[in-house]
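Look for chain A in each of the two complexes below; its partner is chain B in the first and chain C in the second.
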Partner chain A sequence: MSGSGAESINRSRGVDWALKGYILLAYLFVFAPIAASFVFSFNSDRFPSIPLGSFSLEWYEAVAADPLVWQGLRNTLVVGVVVGVISTLLGFGAAYTDYRYKFAGKQVYLALALLPPTIPVIILGLAMLAYLSRINLSGNALSVIIAHVVVCAPFAMAIIRLRLSQMDPALEPAAWNLGASEWKTMRHVIVPFTKPAILGALFITMAVSFDEFAVAWFVSGLNETLPVKVLGFLQGQVSPRINAIGTFVFVLSMTLVILAQLLLSGKGANDRAPADDKE
Partner chain B sequence: MQRDTLVSFEGVVKRFGSFVAVQKMDFEIRKGEFLAIMGSSGCGKTTTLRMLAGLEAPSEGVIRLSGKPINDLPTWSRDTPMVWQSLALFPFLNVRENVEFALKMRGIGKVERRRRAEQWLDRMQITEFADRNIAQLSGGQRQRVALARSLVVEPEILLLDEPLSALDAALKVRMQSVLKTLQRETGITFVYVTHSQSEAFSMADRVVIMSRGVIEQIGTPQEIYRAPRTRFVADFLGSSNLFSGRVRPGAAGGVELETPAGALKLGGDGVMPADGTTATVTVLDTKTHLSVTPPARSVNVVPVRVVGEEFVGATATVYLETPQGQEIRVQKGHDELADLPLGIGQDLFAWWEPKDGHLVAEA
Partner chain C sequence: MRRPVSLYGLTFSLPLLIWQLLFFVFPLLFLVALSFWTVKNFVMSPDFDTVNWTTMYGRAVFWQAYGATFALAAGAAALTSILAFPCAYAIAFKLSDTARRWAVFLMVIPFFTSYLVRVYSWQIFLSDNGIINVMLGWIGLGPYPLLNTVGATMVGYLTLSFPLVVLLQLFSLVFIDRTLIEAAHNMRCGRVRTVFEVVIPSARVGLVIAALFAFILSFGDFVSPIYLGGGDPTTLSILITDTTKSGQQWPRAAVIALTMIGTLMVVAFAAVQFAYKGKTK
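Entry: the complex of A and B
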């Protein structure tokens, strides 16, 4: 009768276990390299090999002692935060425009707004370099910010647009009808309703900017971000310091992504409930 | 304009592109009345309400509130709060904050806001839920929050757009009496849009029936029920049998209607139509009678055959068909029907008093 009941009766145990095993393997495949890097970052040996040497924080100490790493980290963080804020603002504006207005060429508008992440990063990086150097903006933190906003804003737009699509279309006119001007409605209704998505977009765009390498490599010049610095290390020498940096960056990015995920799923489900029994 | 007029629509037209949603509308809403606007979907009833709320601008004509034209007044500058079909409560605010919203937008201070919201929470009997989230409320409780949120500004007029459509039947009837009582106690003018005849007729002082952007009839529920003005209204209400035909002088004086079902004598109210014109007469299904043998009187008797019977609680509806294939319905209490053979295919005679027939305008 009920869907779940029938499923549990008809499901074969063998298939069940096989599917669980498959999921495990898939995760293993995805995360094994990162896990290895994580493990070796705490290993005392110079080269990654098994058996492992003793537990050691020496590579973290070496990284922490390197002023170039600190500079790269500072660049990354400053760029990431600024990019997150600007991208989220732009994304919100684009998403709200799509939600609120009907106009000729809206499909084109949407396609263009969502286009940048589909352009190969090498092409985008080259184009950015050519363009920014033409207007004398290449080779500093500002140029990385500009380039990253181009890459990140579409993500922010997509996330916020999804949230707006869950909003009861009567909510905004209801606020107007209760005496709120359009600006007041923006402040007291649209922004509070979209807040989980706005914060989610902020964290995701920061994470994208932290991890982005190719475009930053082209336009950063001497103000390298951390991923660009890591490549510099690699070209010089293979060092477990890279594992230490990698682990740090991974933990930071994952924290942001998980935060965004919590905001987007938990809060959203809660707000949908009232509209459900409308049908 | 009459002194007790609160709102007047003067030649109001609303077009969406080439589609005319509301055609040349002229009517008045009286101060303190409960007015229902009824019609099927797409008849323009919601558009009419939205124009009054300031959510749509009329393409032509003037809407006046207390005598002043409000065409160019944005909705946030009007005091025309609306209760939405989806209720449109703010999910990120709790019950109290929802109710306070309109006061906050009007720049009323926190203490005063709290006091006035408290009054309406109390009046709508939702004080105990004041600090709950909207998601934690039942349908009926949400309904009360929506009413409190709109009424907290103590407007002269409240607009309601099918607010009860999401509720189950029992709760719907309860909320109808809540609304009716609320309207009577506050004296606030209610304009209630619905497609449901039972909602409109049970609550409203006057009902406006619309079809395809045109007002078909305005009147009290009794007036409309007893004497639908147009064929559309009679069909829409579905509580009358309709007969159309050519008007001719009656054999025994008066006027007759020559219909496929036979000659029908006209009587009752209104001006008799001229000979030779076509006319339609409606007879309520409760005023249509059945008998096994032809009644002694010879006027307004139609031979019919039973097609089916439907149990409707206290009454039953008998479905019949004339030899020409026209459907006729008779609604009676069970004891009145008890003596009649109502098997399918049974031949009977349907008849009614000439005074119970009402002429409708030909549309």
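Entry: the complex of A and C
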């Protein structure tokens, strides 16, 4: 709530409405392609446009009948789950390190922990391909996992670090004073407290991995993930099958994100109600 | 008071460090070495030869692509920032707390939809018989060639960075001290002038960082320039994919990639300098 009294001098209904209209336009632009993909995945036309053709599930059937798509889906799921688990473990370690320790070179450590997502994926993809094929790790699902963890771990670290910063810093020393070892404190104090963030990070990193196509395209070789398959469709005969896959992956990703959101906000609000209104 | 190095501490700090060294730092360093390797008869061999650098830098195509990529990315950063600002501003100052939370949530959703699928979706809108041309046809206009244009590439770049830029701008706007704005209003500063002389300077760091991210994302993206822009003009990212995927010219691709990283580092450094200019901690 901003101080409406002082602002009223310059308040004008017209401008307010124009700005709100602009917000709507912006969201229209952002959601137009997402909505169109959803709508046209159920549309019979080979070359989608308006007016709409008839309702049809043929693209879903075409996708479901393609064994390569199933293989891609399996790769995507396996890679996503493994990436989620490893990224969350590594991210948790880094977040805890940042929370608890001060040491020389910490800036460098944090840079390493957080920088990878800012490097263009195409460069990362090329570097990974060249390096991994040099050490004979390229062209399989393992190489995609390795590359995705590099990109995903920073997200996990950021999410868990945020949760740790909500923890009362006296909690850990208190447990030590009561005779708990560091390991016991970790197990009975830190992990339970950060659990929603850990699960949140798990789901978010999985979702990031599900949608990543560029690095995966470079390093996956014949073990294509689903997004790489979509890229293949885009390169070859463009077909509404992309919409069907896109809608399916969207539903999958959103389920994960909403789960993560529920975990992060629901649990956090219970533990620390006042932490929510930070404005 | 506590031992600086313990097994306990290392258990948590080392795994990420090792992983990022092995699979992030080393690959990037290897890229540097790779750029000096030579390729003969489609076989790469370790070498220390500057031939890749001189070949690439001696090509007009490379510099054209460099100029085009830089101009496109700079244009995309400016355009995205300008289009995003009124939106972020309105969300920050004109919405209730509940509506703002929803707005943020909705802006996060695009991050979890496939960028490829959205780009394909834009093809449906922009193609010659696409949604926009059909709609224009209803009022007797067009059809206009919309796909395979620079404008279409920009739409793709906007799709990529608009949500992130709005969110970053929003976070810097939300934390502006509102008494500053009230003070400006009390002193009869008009609303537009308040935006330019109070709001934008206060949020400068966030706005510049947001523009920087838009630049980085657009600079490295190869999907929009190919599938919306039709591959014309050729960007550095297109050059990299072509050079890597056709034949074994990885060393030359490495030269392009390193040039891109160098450029991004300079731009990022300049942007951060500019963002924090005159701010003493």
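Keep this in mind: the second predicted complex is superposed on the first by the 252 of 279 C-alpha atoms of A that agree within 3 Å, B and C clash if a C-alpha of one lies under 4 Å from a C-alpha of the other, contacts with A are read in each partner's own complex, and residues count from 1 in each chain.
Here is the rule we go by: a contact is a pair of C-beta atoms (placed from the backbone, for glycine too) under 8 Å apart; a residue touches a chain by one contact, two chains touch by 3 or more.
What you see is a predicted model; the values in this text were computed from it and never measured.
Room for both chain B and chain C is found when the two structures are superposed via chain A, with no clash between them. By the touch criterion defined above, A:F193 reaches chain B but does not reach chain C.
In the superposition on chain A, contact is made by A:P173 with chain B only, not with chain C. In the superposed pair of complexes, A:K184 makes contact with chain B only, with no contact to chain C.
Residue contacts after overlaying the shared chain place A:S49 against chain C, while chain B stays out of touching range.
Greater residue coverage of chain A by touch, when chain B is weighed against chain C, goes to C.
In the overlay built on the shared chain, the residue A:L262 is in contact with neither chain B nor chain C. When the shared chain is aligned, chain C comes close enough to touch A:G91, but chain B does not. Per the superposed model, the minimal spacing between any CA atom of chain B and any CA atom of chain C is 6 Å. Within the complex formed with chain C, the residues of chain A that make contact are 1-3, 6-7, 9-10, 12, 15-16, 19-20, 22-23, 26-27, 29-34, 36-37, 40, 47-51, 89-94, 96-97, 100-101, 103, 109, 112-113, 115-116, 118-124, 126-132, 134, 146-147, 149-150, 153, 157, 182-183, 186, 207-208, 211, 213-214, 218, 227, 230-231, 234, 238, 242-243, 245-246, 249-250, 253-254, 256-257, 261, 279. Within the complex formed with chain A, the chain B residues making contact are 53-55, 74-76, 80-82, 84-93, 101-102, 104-106, 133-135, 137, 139, 142, 149-150, 153, 166. Within the complex formed with chain A, the residues of chain C that make contact are 4, 6, 8-9, 11-17, 19-21, 23-28, 30-31, 34, 83-84, 86-87, 89-91, 93-95, 97, 103, 105-110, 112-125, 127, 129-131, 134-135, 158-159, 162-163, 166, 174, 178-179, 181-182, 185-186, 188, 190-191, 194, 213, 216-217, 219-223, 227, 237, 240-241, 244, 250, 253-254, 257, 260-261, 264. Of all the residues in chain A, the ones that touch chain B in their complex are 168, 170-171, 173-181, 184, 188-189, 192-193, 195, 270-271, 273-275, 277-278.
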